[in-house]
């Protein structure tokens, strides 16, 4: 297959990954998540991984700007490495089946692939949201490497994580825990730490990167986007709570009605 | 009638509930009120109740995504319960005349129905607005379960409430009072507390839910939307007032011109 | 002339007042200036005054929603009153040449007319901007009834006022002074105080209303809109300056280059 | 050539400077960067410089509103002056090949030309962003004339500057330094100080103007826009960091993975 097979990114279906990534990124740009060509998004289908290129104006991206990787081979190599193969995954294991000439591959590529191969995710979003960065700075002041918040309704927007996939979403009183990894000089070097965090937090659908942003993934595009929105909303509220002197975690006794409607 | 009668949500009239709910929710998404599939909206006409489903991306919702309930029967059962019937209304009393296969019913459904049956509302909006959540957190710190603000012009955007429906809207010097109910683990369980708050505050067109958001209703779609906008604006200003050390209530002597123009 | 002459609001020219008011108000809605049907705008041409009605959703307004007043007669009555006639202008002096049946006249009407008759303005905008309201609250805490700011570039966006119309705009080092009038229970009652403020501040193109918002006018639609934007920007910065402990006025020595380019 | 040659601003190519400047400015307006006709943008191609006029509503600008200057002659005169010619560049050296009758030339013109002639820039953007102004105010309180920030990922959005053009962009641990020049009463008088700052900061792609805004340029439109977005994002975070008591510079030890992926 040619490395510039344009048919891979041509579809009349607005839900095709090659159309969804540009429309999602344009939306994210209006939210301030992918300003100055920062951040990105990736979607995989059964065969391929579609990735926004490096350095593209995210609100103006076109389907023809996308990179496409062949997933099966990549997956296989990752699988081998994960089962005690020859060390960490290296960029050389990426097989591009489409490379737009105007751009360079995204440095986020190995991080997106981690979400796909280690978590079976279908979509991974990376934002530089100011709210996310501020939360990592507030945590840094406290010497913390974990964002924790509970008793906010929007927490219900998060799935319980892969081992508990059948259990559904987090509850209102549950504590959402998002690990924070330290930023590295080179984005690709984050991969090792991202994967470590995934191992330590098997429930997590997101990892914060100190002074950088956040990676959020999901079992579907809808779930990844919904969790990314919910998380940014929580980060925004968390920053305001900090300014107002309100703690992120609290011990709230459940309120139960006399005649619970639940489950009927 | 089929439970999937698509004609119920097909209309060329942009003011038909099946068209209005998607256009309103898309607008609310840009305001940050229904982020991450949270929040929702419902409109009733004389026969039916139209409700946004659970888990839908609110800015992308289509008329075909909507649930439709038959109101008369629901109303009758509610009426029976309200007059000392067989206890609180249970989800089993909901009669869906249209159920989209892709989605699940909104957990907000019994709360929307309370606004329709107890208050005769025509539209009910539920937002997760960060401003609303922050106001409930600030009140929690003060041990308060009521939001009170006065002497802000936008207060005039609120009706005086059902018993005083003829009297028009609140005045500038009036104190707007919005009850805060505690959040429950399951959204449907809020119904009992929402209805209690409605009983305690017969004037209120809105109820705040601690660490969750707000429910706002109105005698028309325009009124519900207008009050929801006015309230969010007041919440936004209230959070800023808190940061600036300015109290929400004040004792301001009315300013009267020498030659009042009023009433001429 | 019929009081419902639709031709007055029908034009293919996007710059016709009947088209400009809806497009401006839709823009202002996105800025949060006319939320919840609050605020408004009015434009006059040589013969007529066009005014957004009361209670309309500003982002959805249509040309057919507008009121039209006959200006000559209104002007004449105002002129008589201003020259020691029979007291303050009363609503009865308004002559509507077009009244949409769906709405009520805006309570802002006499205030807009003051800008047209006392200042010869062509456009007057009224916003409930949260920034404006917060500035009046900050000033109230300091017991002040005048907003003053200097040494911010955007101050140049303001004209010097009517007596100095030939002199052009304010300079960077000039102090912008905007009077604050106290809010009244009935918006029409503001008229007397607005006109008093106009008399005391012959230079002003805007008046703040405590806990309410701001009125801004201009010799053209472009000027009114530009000044309204510049003022809101200054209010926004002023609120942030207050939070950061930076005074609004400062004594800054002019910076002059060795070889000034000015005036060549 | 006529001074009103409309063909200079007529093109079907959306990437033509005459089309790009209006589309960029409309976008910047939504970001609050060019509110109240403030700010502006300029693009040069090999022959001409295209500049937004003074006093135009930036979100409504049309290609026909643009000024066009002949670059070769302007460049030559600048070059002569730079090599010890007859003193600073004066406005008289500007040769307009297209002057729209409705507007006046932008006072930013000599500043844009400095970016083009001294730095070989292809695009220069001037914003009045509130974040930029607040950063200069915070620095003023500290008696500082340089904005410095490090260890924030978005710093990578900046090129290393002209002498190091081959080296690529700044790294995560590098300190971004943006000079602050004092504002002058007349915008054109900033030119001398802007050029001095360019000389003192040969690496800089931007200069802050105290209490006024920022000038940002780039070797392409994409680079100028991307750097302007990245810088505004950093200013926004810097203001929030100040409110939260977090310093803009920190001494962070690089995090290095056991098996760095970089460079493979």
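Letters A, B, C and D mark the chains as written, and numbering starts fresh at 1 in each.
Just so we're on the same page, a residue touches a chain if its C-beta (ideal position, glycine included) is under 8 Å from a C-beta of that chain, and two chains touch if they have at least 3 such contacts.
As the structure is a prediction and not an experimental result, all values here were calculated from the model.
Enquirer: Copies chain B and chain C touch; is their interface built from the same residue numbers (over half shared) or different ones?
Expert: different
Enquirer: Just the number, please: Cα centre separation of chain B and chain C in whole Å.
Expert: About 33 Å, centre to centre.
Enquirer: Just the number, please: Cα centre separation of chain A and chain C in whole Å.
Expert: Chain centres of chain A and chain C, defined by C-alpha means, are spaced 46 Å apart.
Enquirer: Among all residues of chain A, which ones touch two or more of the remaining chains?
Expert: 243, in rising order.
Enquirer: Following the definition at the start, I'd like every touching pair of chains, please.
Expert: A-B, A-D, B-C, C-D
Enquirer: State the interface residues of chain C toward chain B in the complex, per the touch definition above.
Expert: Touching chain B: residues 32, 35-38, 55, 57, 87-88, 90-92, 110, 128, 130, 133-134, 137-138, 140-141, 182-186, 188-189, 191-193, 209, 211-213, 239, 242-243 of chain C.
Enquirer: Along chain A, where are the residues that touch chain B in the complex?
Expert: Listed in rising order, the residues are 151-154, 157, 171-173, 222, 225-230, 232-233, 236-237, 240-241, 243-246, 252, 254-262, 264.
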